[in-house]
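One chain, chain A, links the two complexes that follow: it is found with chain B in the first and with chain C in the second.
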Partner chain A sequence: MQVENKEFKPTIVAFCCNWCSYAGADLAGTGRMQYPANVKIIRVPCSCRVNPTFILRAFQRGADGVIMCGCHPGDCHYTSGNYYARRRMTMLFDFLDYLGIEKGRTRVEWVSAAEGARFASVMNEFVKNVTELGPNKRITDLRCKMEKEGE
Partner chain B sequence: MQKIGVFICWCGSNIAATVDVKRVAEAALHEPGVVYSADYQYMCSESGQTLIKNAIKEKGLTGVVVCSCSPRMHEATFRKAAESCGLNPYMVEIANIREHVSWIHKDIEEATEKAVILMRAAVAKVNLNQSLTAGKSDVVKRALVIGGGIAGIQTAIDIADAGYEVDIVEKKPTIGGKMSQLDKTFPTLDCAACILTPKMVEAASHEKIRIISYSEVESVSGFVGNFTARIKKKPRYVNEALCTGCGICAEKCPSRKSKNEFNEGMDTRGAVYIPFAQAVPKLAVIDPTACIKFKTGKCGLCERNCTAKAIDFNQKEQIIEEKYGAIVVATGFNPIKLDGLEEYGYSQNADVITSLELERLMNAAGPTGGVLLRPSDRQHPHKIVFVQCVGSRGLRPCDKPYCSKICCMYTAKHSMLIREKYPDTEVYVFYIDVRTPGKNFDEFYRRAVEQYGVHYVKGQVGKIVNDGGKLIVHGSDLLMNEQVIIDADLVVLAAAIEPDPTAKSVATMLTASIDTNNFFTEAHPKLRPVESPTAGVFLSGVCQGPKDIPETVAQASAAAVKVVGLLSKDQLTCNPCVAGSNELLCNGCSSCEKVCPYGAISYITKEVRRGDFRRVAFVNEAVCQGCGACTVTCPSGAMDLKGFTNKQIMAEVDAICK
Partner chain C sequence: MKKVLDIMQKRAKQLLGEGIVNRVIGWKTGEFGYDQTPAVFTSAAELSSLVYDSFSAPNLSKYLIEETKKEGKALVFLKPCDTYSFNQLIKEHRIDREKVFVIGVECSGKVDINSLKSRGAVGVIGVEDNGEKVIAHTLYGDMEFAKDDVLLEKCRSCKGKQHMVFDELIIVNPVKEEKNDRFIGVDALDAMTPDERFEFWRGQLLKCIRCNACRNVCPACSCIKCVFDNQNSGVASKASPDTFEEQMYHVIRAFHVAGRCTDCGECTRVCPQDIPLHLLNRKLIKDMNAFYGEYQAGTDTDSRAPLTNYTKEDVEPNVISDKGGDK
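Right, the complex of A and B next:
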């Protein structure tokens, strides 16, 4: 079991808003701040563009963790988008927890365009947490898995 | 089916050293829709772009993926290249394999694998991309400048000289800002008033400039080219049209207890006052918190003495609403409050003053008429200690982490002026470093040391105590490695500067961003230093970061050029990545209208099928900024965001989780 955990590399989807968090991720890159390669970033205009179905889809397709990053409360480029996102995600994560996707696999973080170091540290910590939780099996669509193995 | 070309950039060795670009190019060919892939050393260069253009033409590509640096860097470059050879620019997507891959990962295997996945996600997205056409919106040919200091004045004059209307909104009763309080300016030592006041008059008399003083911008709505601002004009209780600025009211006012802000509170003024002799507009203003008439209902001495009949105790707040094409932020700075810095004893000792207070003490129009006297006993000080970096470059919560930039130079100026005027005075300067980068700056500082014999002591001051009127300064001399104790008559603190407290609310109002120190963030720290990340909002002066007068003026003019460039266009191209509603799915529930921060969504009755009239959402594309809040709110999935459609994002998720 331990051996399996060591080798386990979670798939992590990060939704980043274009104005703050994606720029923060860019800054982490410019500053050569390391974080695990498992994190794959999807750029969205604003955190409020993240539809709960995107997150469900990710888990269904075999993601082990999903993190959503936006501008700090009060700093949204679109004034109020991150507030909508925050409410939606609070509800969704509660619901996912009920379904058996632990709270540790889902996360909302506010990262500004100036916080490259914070972006890296958030990602490092999140990957560590998800790795400890192990693979997500709860709502993975078995058909997707078969497809994958079929390849 | 799309015909997609994938182009992988080496970025010299920035990408190629960690990512096996050949393998990414090879992997791309196995992706659905990909018909061509290539790698090149510098894709953004002229020849790299030609490579893409030729491939589009020769292979008949309908979509392009460029695996390179961040889309925030070169998305526009590659979209423009595609457009130049007939491909819709929105058929180009970027996979960020530099900032998000090669720069943060060391292992080639791992990095290449991630680059392939990101490439795959971008290809999956492009497969679902659709050509988008940008709409147009009109530009209002008028600019708003928030703040009337030297930065705001210079920006306004430059914009007005180019032929556009400008409004300056200043929260104080007069324009002029901090520079109007200064005595002399480094490194030429010319008098601040002599160079500033003509500019203030020029602004006031310019036919294209309107100065809205004693007012604050309350709210801003709209977007680049078409902002609407609500400006709150505070009551002066003086009729602006009638007041001649003669000053009789200020002379007659029996209330004398208000601190004079212009002299940094070192003398008093009446409840009705003119801020200073060269104020623009030169109009009296009544401070209702000090006015006896407002407090007790009796007095009205000013009203009786005003020959112009300008006093109006019933004046009310006014709201001005105006449309603007561009907004310039020039909100400036303040010295920090020194209450938290106990060791200097600023609040306990009258003779511990700030540099701005010293400016007033040395100024001919100041509280002492330009004679340097200690505030406590009005005696001439014989030993003066200057302390630099007070609150700057510190690590404590009460300190600012940054260098305030102007203090080294003005302290050299002060010490030089004092030694010049009062050669019997000894001057000490405690410093951490002396920073004098700038034209003729170091020569100036050396003159203070060599020619005027100012004692510079490298070290910090730990404590200042008052011993029977003498200020005992305990400091350290790091070069001599010893403790220094000086019994000074006057201590001058070079207080750090911080953005004006209104910066935060202005930033929120304009959706412009500020950094952790509340300085406005520029769109690019090197290449777009006078623009904010919000289109149509520009930055001028210290609101963006500490700077001296020449730099402020240079930045102010640069901001003006950017504004003029914007206002010279009749129409702007809109962002085509906006929301759109599928009328067949929309049930007219109004959910999207409620979450839209821009009021871009309205409802219309439309015949969606023959004979089927329904109330459906309608998006005003010129107003929509493309945040996507409505798309998630829509319970029936009718609302989607062009360029970031549900299907596109789902495809990216699928590609990553594969």
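Right, the complex of A and C next:
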């Protein structure tokens, strides 16, 4: 009998605003700061672009955690996008918690283009938290999981 | 109630006769005596089948979206809670106010046929509400019930007896205002652990057969093209091969009506599987009240809903993950 000894490596989806955290991620990269490779970055034009469906879709397709990064309140490239996103995500994440989905799997962080080190530390911390929570079982699509494993 | 119905019929006939309106939207008896369905009446003769009793629960506001696209003015009868939906639809520019003549009718709470049935009423042909008791007329004689036992969920947590908008009012017996805490169910769930909540919602949402009745009846769910009708969405199927579909459907539906839901309770009323859908909407209402100040959708036609507004001092989303509790 073969004993599987696979270390759990969570899949993290990070929605990053083009004007701040995406550049922050870039800065972390050029500054050679370490952050886990299992963070998959999706660039969005503004944190306000992130539709609640995106978050659920990420979980459906096998994400174990979803983090949304935007400009610090007051610094939005489009003046007020992140203010709307802030309300929307507060409501959505509390709602997911209400349905019993672990609240450690969702997070919002404000990271500016100059904060490469902060981007790396936020990602390190988030990946650590999600690794402790284990694989996402509560809001996932079995069919997608089979597809993923079949690859 | 009989008296109210007489006045309603008389006034509707009068307005039709004068040519002020060319059709009337009300209720008529469907297949069964307890099955009061929305109907359009265009002549005085047809109006004799207009009914209004304790089974006339359907919210007529949503029908006005289509009706106000037609020629001429429509007369509509709205109960107090329906007027919130009506206001909300005006705010969203879905109803042309000029084309509607609103008559507000009194309401003392509507009766849930399923509660009657589960309490042993068989062959119900009618119902009467004498203020304290509900008397169900059945093929086998009359049965008496305590009112609180047989009211619909939306009526047990009534928002109030005031009409938010009307052209005329028909009130014969003013009903006493009773304020109930509508968040009791939500509070109970909030007090549970995440695991218990997950088990509760999984059990409830697994029952969903995706008949889309909650969406179709919802006055806030009035998109011309719904995201769940998209075959490519992966969550458009009727049967549910995976629990994710129900989660996705109900989360997105509740979230899409957040801030616009007037808590009219129609979703819970029409659900054939008895899923307490109001608990989803009320959670969002409770959160919005707690985070962004008291707000009731539909009280007016010009205020901004919490999710289409912001202040610079809003709470940070991480209050959720930081609020303690496990996980």
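FYI, the second predicted complex is superposed on the first by the 142 of 151 C-alpha atoms of A that agree within 3 Å, B and C clash if a C-alpha of one lies under 4 Å from a C-alpha of the other, contacts with A are read in each partner's own complex, and residues count from 1 in each chain.
The rule we apply is simple: a contact is a pair of C-beta atoms (placed from the backbone, for glycine too) under 8 Å apart; a residue touches a chain by one contact, two chains touch by 3 or more.
These figures come from a predicted structure and were not determined experimentally.
In the superposed model, A:Ile139 lies in contact with chain C only, and not with chain B. With both structures placed on the common chain, the touch criterion links A:Ser80 to chain B and to chain C. Of the two partner chains placed by superposition, only chain B is touched by A:Ser112; chain C is not.
Of the two partner chains, both chain B and chain C are touched by A:Pro52.
By the touch criterion stated above, A:Arg88 is placed in contact with chain B and with chain C alike.
Residues common to the contacts of chain A with chain B and with chain C across the two structures: 52-53, 74, 80, 84, 88.
Interface residues of chain C facing chain A in the complex, by the touch rule stated above, are 189-190, 194-202, 227, 234, 241-242, 244-245, 247-248, 251-252, 254-255, 258, 280, 283-284, 287-288, 291-292, 306-312, 314-321, 327.
The residues of chain B lying in touch with chain A in their complex are 70-72, 96, 98-101, 103-107, 110-111, 113-114, 117-118, 121, 508, 511, 513, 515-516, 521, 533-534, 577, 595, 597, 625-629, 631-633, 641, 644, 646, 649-650, 652-654, 656-658. Within the complex formed with chain B, the residues of chain A that make contact are 11, 13, 18-20, 22-23, 25-26, 28-30, 32-35, 37, 40-46, 48-54, 57-58, 61-63, 74-81, 84, 88, 112-114, 120, 148. If you check the complex, the residues on chain A that touch chain C are 52-53, 56, 60, 73-74, 80, 83-84, 86-104, 106-108, 133, 138-143.
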